[in-house]
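My questions will all concern the structure given below.
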């Protein structure tokens, strides 16, 4: 029983998210990919290789929870990272993977993880109630072998089941939320925090 | 005797301010909050947790000068910082609290205060008539206990009764003005000056 | 014999320039001022203290070549710097004074002058035909005494009669052109070059 | 047999590209130039000295493969660099030469070439399938003698026949694609990568 209207609503949210993120410079060229849970059998996801600032609903396709195409289109190469998030976080309904300058630069600077602390904006991440929290953002080495990368993410999720997002070195970050609005808020907050970390690296020697 | 039209006018000014500040990247995610004096009994203020770039007048609520909600909505957690400003500065009618990258980075770099000097743009701050003035911007440590933070601000206002704004570490800044236009001018000017201070830290070793 | 249409045409060009420069962040708050030659007796100039991103033709006024108001409005405090340029450069018909972050930061870094060299974009400055030219941009110390500042500029113009613009420390820059389009091209080019100089200061130690 | 419609289609693509690149700050003042293959005898190219953010189809002219004007207008001074690319890369149909801050700064920092590696966004360049590829971007010294510069580029193309773009010191970069969309994707990707390299230079000493 597939609900076409529900798919189109999700697709339109992803199209709008793409325009918003591209306007900020956070999905340059054909980088990034987005998805949304449609129902217990279907996920909407961006078609491989499309420019995220110029998406139409034709660029959003249907896959199942094994990442198989349900409509003949070719999904993003990183589909397995999306389905994994939906399986691990039952409350996540939208997954966004931007590829911003700050996220990319900071992901190449540190190994393993970035610790964020003493930022009021940490409170924009669901479940964080004070700036004094230490929030760890895992960093994975980039890998074109997505199943292998997904396994590393899986091991990390086992150890840290409530992370709010993760970085891939030289390759942006993943974050998610209950709604498109939540996921976009997480993107804005993490992007701001990555940029702050970069700024403080640049002024720290003084 | 509450004037509904007056409230809606103020609410629309705050909605417009939010759109303008968000377009600059100065209120990322759900950060920041804004208020405006309606009359001697009423203050309009942003509802807690709303995205400042997408406000409607429904996201602006009414409180009294003790910070109590008058319409059942939940005001910003930092309401006490707003009411304090209206009580201390009789000529202040609009209070803006942006959370910009430059303000946040500079607020984490210095302790206690930032001194601004030799900037023509200091003249954009009400009452400053020459770039040669030294303008001190107090920096408070961030605190989730807002009454305690308000007490620190109160002590500072006693000592420096004519400050033009203040920073909270890792948490942006507060400024105010006679009108929304004045307050926005103060935001633009302070933001520019914080960014200049950051720039000079980055080039100073040479 | 004053031509009202000609004044309004010039005023509209200044309004448009203001919107364009403010959108770039080059005239924050009420900084900056602009003018245009109307005829041999009249100059159009921005009224003192207006926000340059929100100008209307009401914010543009008429002065004579001695800088006296001809319509009862109060011209920019820096009017004498504008009239001086029209008197020195007969071919200049538009003068723009932006107050951008890069110009302000670079003007505080160097004393006396900035030398620009090996930039293709130097060719965007009228009369420069190769990147190999050395272009000197004078830097004056900021001064609230505008007649005194104008004297320093006069001495410099005597020695270097064909400069393309100048910086005032902590206070942006002046440039000019035959048309509004020329002057705006000079702004874009100088702004780019000041930003390049700042960038190279930040990466130079390596 | 010249197809006017085909020329106008290409011209409109270049006009749109100009608006998009200028909005990003990548063709300041009158910098940059663009072209598109019309057919085996004709190339559309930007007229010399026009502002790329305000192009109309009147600012696009016709040349032949020797770079001669076919309509009396004066083509960009760098026309020979465009025709060379069309002759070397039969699949290239659009050539874009932006003049962005990051490209200009990085082109002045290194001699001979820039090596890009470990960036997922390398995959946005046609023919690159993994972030692990080393992609070399040649850097040529700037030269107002365009035939001499074209000879240096020719020697480089002989040695590295499949480069994706090149930098000219202090003068931006050239890249190309099968379609305007491809060429714009290359611009966005290279711009992002040049900016990353600049960022890492600024944080590397720590």
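Note that the chains take the letters A, B, C and D in the order they are written out, and that residue 1 is the start of every chain.
In this text, a residue touches a chain if its C-beta (ideal position, glycine included) is under 8 Å from a C-beta of that chain, and two chains touch if they have at least 3 such contacts.
As the structure is a prediction and not an experimental result, all values here were calculated from the model.
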Looking at the contacts, which chains touch chain A and chain C alike? B, D
Please report how far chain A has to rotate so that its Cα atoms sit on those of chain B, a copy of the same sequence, as a value between 0 and 180° in steps of 5. 90
Chain copies touching (chain C, chain D) - same or different residues, decided at half shared: different
Centroid-based (C-alpha) most distant chain relative to chain A: C
Interchain centroid distance [CA atoms averaged], chain B/chain C, Å: 32
So which bits of chain B are touching at least two other chains? 202, 205
Pairwise, the chains that touch are A-B, A-D, B-C, C-D
For the complex, give me every residue of chain C touching chain D. 118-121, 124, 129-132, 181, 185-186, 188-189, 191-192, 195-196, 199-200, 202-203, 205-206
If you look only at chain D, which of its residues touch chain C in the complex? 28-31, 51, 99, 101, 104-105, 108-109, 142, 144, 168-172, 198, 201-202, 204-205
